[in-house]
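Two complexes are shown next, each including subunit A; its partner changes from subunit B in the first to subunit C in the second.
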Partner chain A sequence: MLEACVFATILCGFLGIILKQNLVMKIISMDIMSTGVIAYYILIASRSGLFTPIVGNKENVGYADPVPQAVILTAIVIGFSIQALMLVGVMKLAKNNPTLEASAIEQNNTP
Partner chain B sequence: MKWIYVVAGIAVFIKMLIMPNPTAEWSEMAIVESIVKDAGVSNAVSGIIFRNRLYDTIFEVVVFTIAVLGVGFLLADEQPTNIVYQFSDRPSIILARLGATITAIISIELGIRGHLSPGGGFAAGVAGGTAIGLIAITSSSEMMENIYKRWHISTWEKALVIVFILLAAITLSGWAIPVGELGTLFSGGIIPLLNILVAIKVTLGSWAVILLFVRYRGLL
Partner chain C sequence: MTNVTIAWLILPFLIGFVVYLVPKLDRILALGMALVSLAYAVQIFLLASPLNIQLLDSFGVSLIVDRLSSFFILTNALVTAAVVIYCWQTEKTAFFYMQIAMLHGSVNATFICADFISLYVALEVISIAAFLLIAYPRTDRSIWVGLRYLFISNVAMLFYLMGAILLYQAHHSFNYAGLRGSPTEAIALIFLGLLVKGGIFIPGLWLPLTHSESETPVSAMLSGVVVKAGVFPLLRCALLLEEIDPIVRLFGVCTALLGVGFAVLEKDTKRMLAFHTISQLGFVLAAPVVGGFYALTHGLVKSALFLIAGVLPSRNFKQLQHQPIDSKIWVVLVIASFSISGFPLLSGFGAKVLSSKNFLPWQIIGMNIAALGTAISFAKFIFLPRQKSILNRDEIVKQDEKKKIQSGFWWAMVILLGGLVGANIFYYQAYTLQNTIKPLITIILGWLAYFFIFKKLAIKLPRNFEKFDSLIGTMSLILILLFWMLWAQFQFST
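Let's turn to the complex of A and B:
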């Protein structure tokens, strides 16, 4: 059930990227898609147990797998960096062609 | 053409739901315990990030720095906005300042105890960046920029990246500080130091991005 919700989030983001014409909406859809992917990693990590992988006083509890959690940190950081860069790119595009619609920008720039 | 993509996306969605994922059958090995024993810190995620995946983390930091540089580079030839509309009513300012104080304290806590409790360098940096962002939406952008210039923040940011890379290279080449007792503040060898470095670096990087966006785009 949870897995289906996560996949639905990813699918929503994907459809948003290809169906929306507005560039800012595309960026938001990409963010939604990456959120879904991150949630999927967290879901996979919780298969072996639900405790945070921090060793404490309790013995023999089912810890969550720390490896996917550590791996997905890269995606979070790089997603943030890419979003900042994409927003700047959209700002420049919107300044050159006074619109945010992808098709109008393409039409303006076709020779 | 679009509809092919839509149908393909829905097909992949249904496929992922129907076919179960193959799960690895190696649950006998206690991953958390072995990582904690290797790294000497009780937070296994921090242990992986700054020990098992240190080589990856170097480039993560580098990518972040390059993105900040790229934002500055792309915005360099734009016209700065003349009027930046700020929050000017007292309640907003006081709430934002209060929030900034709390977030800054949380950031320090996450940074210095990231190897013991949930947290770590990147989370601490994001908290610090949030604190600076909260200040930036209420105080004048000239003041923020003067502070940024006066303390040579961008130079410090680059110096921190170089120090981080050097420390990581030293660690990767095999030299290590003794690990110390598990679960105390000064344990885990180099990991707390790397945590704090990453925290400061991400804070300063997000400060640079916030300043650039406020200067060239305004707040609204």
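Let's turn to the complex of A and C:
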């Protein structure tokens, strides 16, 4: 069930990238898609259990797998920085293309 | 050797930051960095056995350094050095050299890493550095082209990440070796990411616009080394897993034909070169065992050609035919074009022979057609009019100014074309009579076809596939295609 929700999120994001006209909306759709991917990592990490893998006094509990979480942390940071970079680019483009419609910008800027 | 490798890997990033702190040393440091890489690549080439490095514990970073990577690192070093020298006298700021250093470092990292997460990080750093380089002129067009590049590569990398976690689920490791026995959808997702990143087949059609609309040194860098960062992992996987090998080869042939088909009909110099990059990547993939050598020669020649295209008076072939070019430029142009068409004495010839020895029977026809197409498309460059004497004084003054800017250009040419001639030593066995005749026939046939058919032909191909939305859309289609191809492959092989 959760897995289906995660995939639905990814799919929604992907369709949003294609179907939305506005450039900012496209970037937000990409963010939704990456949220889905991140959630998928967390989901797979929790397959073996839900406890944080820190030494404590409880015994024999199922620990969550720390590796996917560590990996996705890197990916979150990278995704975040790329989005910041894209939004700066969009801000620059917005000066001459106030509507920010991707097709119009594309037409103006392809030879 | 482990410590040397790590120091070498970190050096470009350190230099990148130092350049920003000490802007006066920017060019010297960047050039020094390229030379260090060069020395390192030579050292690896001389190593007897591949070097496996495991950092931290079993979940840490794993690196493989072998002869295949040494070819790619060598390409990267030479192209970076040439680009830095080309930019020596231009007014580029330290920011530009910083990005060059970062790009160099991250591309190097892709050539030695052996697990999917290190690869992911390296590829994303490449995207960011390449975006900043493309958007360096700060015009609307350059920002849009850069944004489009960043967007497409980021979406591709999201698919790739999904594949990586599926792989982890199967093996509890991100190592390349985990591809064996992992679910089909994992391989399909990872491959989609790499295909897009490497500019291969239909999802790689983002490449022509990006490479042709960037500044000259940037497109040389992008076409020479950055696309190789996506191709290299594919080669590695094909060599690791024999089930994947035929699929990679098939993509190689399709890509070679697709790219060359566009290149033959293209009327713009830089776009033609960019389409031709796609087709050459196909050649690299079509024979994974010897792909390294081919990638080296292609990287050198393509960055040389992009630098030359930058100094030509016009980008349109029609105009160039009425506008004679300086005969010195013409000479280097012809050397580069001959090498890429596979003319003996230049290492493009050795690379073509070596690859064609490793083609499977079903690939030969396709690759020969692609080679013919290469000869046809470079006939456009070879038969450009040229002139020696300069008529009046105004033009002399103009020419002198131009020469001042161009002394860096000549040094860059010396490096790249010298590398092309020097690379012959890797495969000097190619020089037998039988091997020599075939490329000559291909070139002559190509020229004839150019004169009688393609010179008059004026077909404008639609650019619908290069639109942003269709690029993203094709990703999903290719994903389905890949999934079924892999599925069929695994069904029949087990």
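Just so we're on the same page, the second predicted complex is superposed on the first by the 109 of 111 C-alpha atoms of A that agree within 3 Å, B and C clash if a C-alpha of one lies under 4 Å from a C-alpha of the other, contacts with A are read in each partner's own complex, and residues count from 1 in each chain.
Here, a contact is a pair of C-beta atoms (placed from the backbone, for glycine too) under 8 Å apart; a residue touches a chain by one contact, two chains touch by 3 or more.
For clarity, every value in this text was computed on a predicted model and none was experimentally measured.
Contacts of A:56 after superposition on the shared chain: subunit B is touched, whereas subunit C is not. In the superposition on chain A, A:67 makes contact with both subunit B and subunit C. In the superposition on chain A, A:76 makes contact with subunit B only, not with subunit C.
Residue contacts after overlaying the shared chain place A:104 against neither subunit B nor subunit C.
Contacts of A:8 after superposition: subunit B is touched, whereas subunit C is not reached.
Legend: residue contacts after superposition of the two complexes on their common chain; A:85 is shown touching both subunit B and subunit C.
Touch criterion met: A:18 reaches subunit B and subunit C at once. In the superposition on chain A, contact of A:48 is made with subunit B only, not with subunit C.
Subunit A residues in contact with subunit B (one complex) as well as with subunit C (other complex) are 14, 18, 47, 67, 71, 74, 78, 81-82, 85, 89, 92. Residues 3-4, 7-8, 11, 14-15, 18-19, 47-48, 52-56, 63, 65-67, 69-71, 73-74, 76-78, 80-82, 84-85, 87-89, 91-92, 95 of subunit A are the ones touching subunit B in the complex.
For subunit C in complex with subunit A, the touching residues are 59, 117, 120-121, 124, 127-128, 131-132, 135, 138, 140-141, 143-148, 150-151, 154-155, 158, 161-162, 164-165, 168-169, 172, 174, 209, 213, 268, 463, 466-469, 472-473, 476. Contact residues on subunit A toward subunit C in their complex (touch as defined above): 10, 14, 17-18, 23, 26-27, 30, 33-34, 37, 40-41, 44, 47, 67-68, 71, 74-75, 78-79, 81-82, 85-86, 89-90, 92-93, 96-97, 102-103, 105-106, 108-111. Only residues 2, 5-6, 9-10, 12-13, 16-17, 23, 27, 31-33, 35-36, 42-45, 47-49, 52-53, 56, 60, 63-64, 66-68, 70-71, 74-75, 78, 116-118, 122, 182-183, 209, 213, 216-217 of subunit B touch subunit A when the two sit together in their complex.
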